[in-house]
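Below you'll find a set of structures to go through.
In what comes next, chain A is part of two complexes: it sits with chain B in the first one and with chain C in the second one.
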Partner chain A sequence: METFFDQLAIGASTGALYALLALALVFIFRATDIVNFAQGEMAMFNTYIGWSISRPLSFSWIPFLSIERHINILNWHPEVFGIPLFLGSESDGSTRLGYLLIVIGTVAIAFVMGGLIERLIIRPSEGKNLLNAVIVTLGIFAIVNSIANWRYGPVPQNYPAPFKGNAVDFGLFKLGQHSLFALIVGVAMMFAIYVFFQRTKLGLAVRAAALNPQASELMGINTGQMLTLGWSLAAAIGCLAGMLVAPSVAGISPNLMLGVLLYAFAAAVLGGLDSALGAVVGGLAVGIGQTMVVQYIGSEWSDIVAFGLIIGILMVKPTGIFGSPVVKKV
Partner chain B sequence: MLEVKNIRAAYGPVTALHDISLSVPEGQIVTVLGANGAGKSTTLRVISGLLRPSAGTVLFEGRPIHGKPADWIVRQRICHVPEGRQIFATLTVEANLSLGAYTRRDKPGIKADLQRVFDYFPRLAERRNQVAGTLSGGEQQMLAIGRALMARPRLLLLDEPSLGLAPLVVRDIFKIIRTINEEDRVTILLIEQDAKLALSVASYGYVLETGRVVVNEPAADLARNETVRKSYLGY
Partner chain C sequence: MKMTGNYRQGIERFIPSPAEAVVLATLLFFTWYLYGGTGNDVFAGLSTFIVVAIAWVLGVAIRVALNDMRWWLLVIALLLVMAPWLALNTFQIAVMTEVLVFSLLLHGLNVVTGLTGQMSLGHGALVGLSAYAVAILVDHWDWPLLPAMAAAVALTFAFGFALGIPALRLAGPYLAIATVAAALVFPLVLKLDSVQDYTGGVQGLRLHKQPQPPGFIGGFLENESIAKIPEQKKFAPEEVQVKERQKFAQATYLYFLCFGVAAIGTFAAWNLQRSRFGRAFIAVRDAEVAATSMGVNTALYKVTAFGISALYAGIAGALLYMVVAFVAPESFDLFNLSINPIAYLVIGGLAAPGGAMVGAFGYKWGPEVIKKIARTDTDFDKLQGALTGLMLIVVMTRMPQGVWGSLTRLNSFSWKALINETKAWVLSRTIAYWLAIALGVAVVIAIGAWFAPVWGVFAAGLLVVAPQDAWAGVFLWLRSLPAIGRRRAPAPGDAR
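And now, the complex of A and B:
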């Protein structure tokens, strides 16, 4: 029985990450009716950017720079008046403050990149046909994957994680520190997303712009900006998921998010592509289901069950569990 | 307050407005009559920035506003209650109303205006937490008007507020429209299929036919005008 609860906890942690990526898919789908196939690759690339920042940065190419020429943010131990700004550190010398700074920086870059992709690539290709934009996202998928292979190579690289210690024993189950961290961050992000969309004026405006763009303009909402914001948020959330996924697998590689994206798709379809609640429930269900299948049936069955599930749901209930019935927009 | 001069507008290859000129003096209710397809709604869409005119000018207090984006025009406090109401069906009544105040930052003022909307339409207060799509047609129209009032408009563009509603509900809504004009000093440009009703609240009227103004007179004269009576009043 112990392994069952262990697997349940691991599955919930994995599922939280699927749910985050599924939420990113749902945002974009709700706002634009586009299924963003590039979501995972955008996250992967941004995760690589985080990896680059976490490496020792060399400034020796700048002439006449007499101060420190190598900066390692990950191993940064700043002091204020001799008191260390300390959030704890790992045995390899990396600090949690350094990790936090890298996360903040990387997510900010992802936010900007997501907006740029919407403005510069998606918007000009929209209009005539929804399929155009979907093909464009597939194109971004392929191009980003190739660039990552060319720039970083196919070999997985170690990825920094803030908590690498032994598993925490909760009595009923044990959970690795990183999995626990991922679960907590995932749940916190979902809560933050909920608050943003349900409790803030800007979040309400993003929802309104997705529901009825013309009426939103009559309310004084700049719907174009809301679309850009939606893509930015989706990219930032995906990037955060990527940074949590990388340490729990072999490390970062160009194919980091392929599997995650497929399972996130399964989660989004299971919950209903236009439902945020569906994405969360679907993500957890797929994560837990996958872990159980691997544990009790065999890892080769993981994909078969997940995608058998997608096909089955699409046949029986095309709108997913929480999805609203398809209404043609006029 | 509003001067529309010689506007032309088209949907793709189809010209909807050939040459429309009209003016709305501050503090008044001006109505636009005409058959389906005459260009009434299109005229409002040009004023509120949903449609760019291909020629002509729209001046609001002497400043050109044509070709400006719709969200900018709302910030000039010109609010359009569109054809078909266009409420946010899956959001609550209260969320719809707070979206109406999207351009505003003055929290106490917004709260006061929400109370005023609820005073005008007590049914909306009762249903404030209900999803807007579940409201009756009349309540949805009240919500659409209330939502526009939340922006504290100076000029209100109303497109067929009586469409599809029971006579009693229509009477209530027109009573409120008159109050909004008289007490809140909101200037109104009203499109209405019920010409008699429209002329009873308006001070001036325009009649449109295939994208052109064919008659424009004070409302009292329009109500006596032989052709208008035959075509639109039915007696």
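And now, the complex of A and C:
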């Protein structure tokens, strides 16, 4: 029975990551009606950016920017729970950016990149055939994947994780520190997203722009900006998910997010592509179901069960569990 | 003779229209590639130009006779028949054969996605089902190849109809994801332990005996004056030459088998689109509710569309097994046969048989050409995906109707109108705007010193996706050129 609860906890932790990526998919689908196949690759590339800024610092190529020298003069290394906040000295003597700084920097870059992609690539293909936009996201997928392959190579690289220690024993179940961290961050992000969309004016504006562009334009909302914001947010959330996924698998590689994206799709469809709650429930269900199948049936069945289940559920509920029904008009 | 839109007189008849210029340029590039591409053989380049020149002269001659664009169909058909002799080696003949097979798959996809508007990303599973059915019948039950292929096509056809019934409940992205799920599950099921006896597991199944050309055809194709063997084998011992000739005869026989099927398939697809069924499909795509109220049985037509599409996919799968002589689960991964075909179908042009042909051609030859260029630069090889992706984005943003749609539209293209529009657009911007653009380019170049290749790709993408800004300079330069566009023949009522 202990293994059961262990697997449940691990499944919930993976599921939280699936749910994060599924939420990103749902944002983009609600805002633009596009199923974004490039979501996982965008996250992967941004995670790589996080990897490259997490490497030992050397700013020798810009002499006046040697930050670590300036900051080290102060000899000020604040820490939170043992994690260096800004700069940390590694055991090999090199200086690296602290985890928090890496996360902030990477998410900021991802935010800008998501917006740029929407403005430069998605917008020219909007308002035409829906299939065109989907093909465009496939194009982004191919470009980002091959640039990552070319720039960083196919070999998985170690990824920094803030907590790498032993598993925490909760009595009923044990959970690795990183999985616990991922679960906590995932749940916190979901809560933050909920608050943003339900309790802030900006979130309301984004929802309005997605729901009824014409009416919200008349109400003075800049719908174009809201769409860009939606893509930016989705990219940032996906990037965060990628940074949590990378340490829990073999490390970061160009195909890091491919499997995760497929499960996130499964999660999003399971819950209904236009429902944020559905994405969360679907993500957890897919994550827990996957670990259970691997544990009790066999790992070669995990994908078959996951995708077979999706087809089955779509047969019963054609728009997912929480999705709103499609209304056809003449 | 009916006067069509491209009526010309005098010397004008010898100037290719924009559409013809595009076709000629494609021909030029393709034959250049076939005849050695970057090789240093003078004759290779010469023969390229000769082929294109013959096509052009032939074209002008037939245009003079028919005053019509349809002669291009004749030229393309002629080139397809001549393809085994135009190709450099048996490998290239095999690629051409696969182009024909894939054009069948794309015709099938076109019925369900282009005409009926149901997004299916799972056709790889149908192709795989058919290919594996043939393979298992031949390998496990020792059926002869032809009956096995017929049985597999029938099975896939029936399965497609059956698949269409649950698909009725799904729409738009949900259908797309359900079909993706089917395409994902298919290769995994093949690898399961319980079915490994039949499917051969990861190793896959091999066809030990490809169909041999029957006596007189084989004798004809192996004839010394007919068979084409590689240059470097010209002076090889007799038995090597005979073997090469047999290889050529085998590849060419398979090519013409597929050519026959593909010709029938294309003709059927062409006619289907204009038949009662085709119009009903389009009605279902464009206005489902309206079609229902007009008495179109939408459910029946949707299921029929799936069935016809599966029929095409089944034929493609059976032929693919015959041509490649090998199936393995890896051949049916998500991108290979499910997502890439639909991407190239959209690039080629939806809802047009010509678009499917162009798409199949691009799908098989695009990567080959890129590989050829990649030989000069190893880094280029890794960026192959980026080039494909860039092409997808460029075609989708600049030609939403696909290559075929743009080709057919080029007939009404006018340089003058384009230049006038561009001029008006450029003048409507302030100088500060252009200075800002120049500053942006300068910054990109400056940063490029640090991260050059990525920014290069980025800037190249920008040039094409935001063309109004970037291409404006090019159009300004074009303005200084004399307008070579087609002029309309003066109508009787026109003012002088």
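Quick note on the criterion: the second predicted complex is superposed on the first by the 291 of 330 C-alpha atoms of A that agree within 3 Å, B and C clash if a C-alpha of one lies under 4 Å from a C-alpha of the other, contacts with A are read in each partner's own complex, and residues count from 1 in each chain.
Everything that follows uses one rule, which is that a residue touches a chain if its C-beta (ideal position, glycine included) is under 8 Å from a C-beta of that chain, and two chains touch if they have at least 3 such contacts.
These numbers come from a predicted model, not from an experiment.
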Identify whether chain B and chain C fit side by side or clash on chain A in the overlaid structures. fit
In degrees, to the nearest 10, note the angle that opens at the C-alpha centre of chain A toward the centres of chain B and chain C. 80
After lining up the shared chain so the two structures overlap, which partner does A:Y18 touch, if you call chain B first and chain C second: first, second, both or neither? neither
After superposing on the shared chain, does chain C or chain B touch more chain A residues? C
With both complexes overlaid on chain A, does A:Y48 touch chain B (first), chain C (second), both or neither? neither
Examine A:L273 and indicate which partner it touches, taking first as chain B and second as chain C; both and neither are also allowed. second
Applying the document's definition of touch, where does A:F27 land relative to chain B and chain C: first, second, both, or neither? neither
Tell me which partner A:L138 touches in the superposition: chain B (first), chain C (second), both or neither. second
First (chain B), second (chain C), both or neither: which does A:I147 touch? second
If we overlay the two complexes on their shared chain A, which of chain B and chain C does A:F173 touch? Say first, second, both or neither. neither
Determine the nearest approach in Å between the Cα atoms of chain B and those of chain C after overlaying the two structures. 15
Of all the chain A residues, which ones make contact with chain B and with chain C? none
Within their complex, state which residues of chain A touch chain B. 201, 204-205, 207-208, 211-212, 214-223, 324
Residue ranges of chain C touching chain A (in the complex, touch as defined): 113, 119, 166, 169-174, 176-178, 180-182, 184-185, 188-189, 191-193, 287-290, 293, 339, 342-343, 346-347, 350, 379, 382-386, 388-393, 396-397, 400, 453-454, 457, 461-462, 465-466
Chain A contacts chain C in the complex at 29, 35, 120-121, 124-125, 128-136, 138-147, 149-151, 262, 265-266, 269, 273, 300-301, 303-304, 307-308, 310-311, 314-315, 318-320, 323, 326, 328-330
Can you tell me which positions in chain B touch chain A when the two form their complex? 48-50, 69-71, 74-75, 79-80, 82, 86-91, 95, 98-100, 102-103, 147, 151
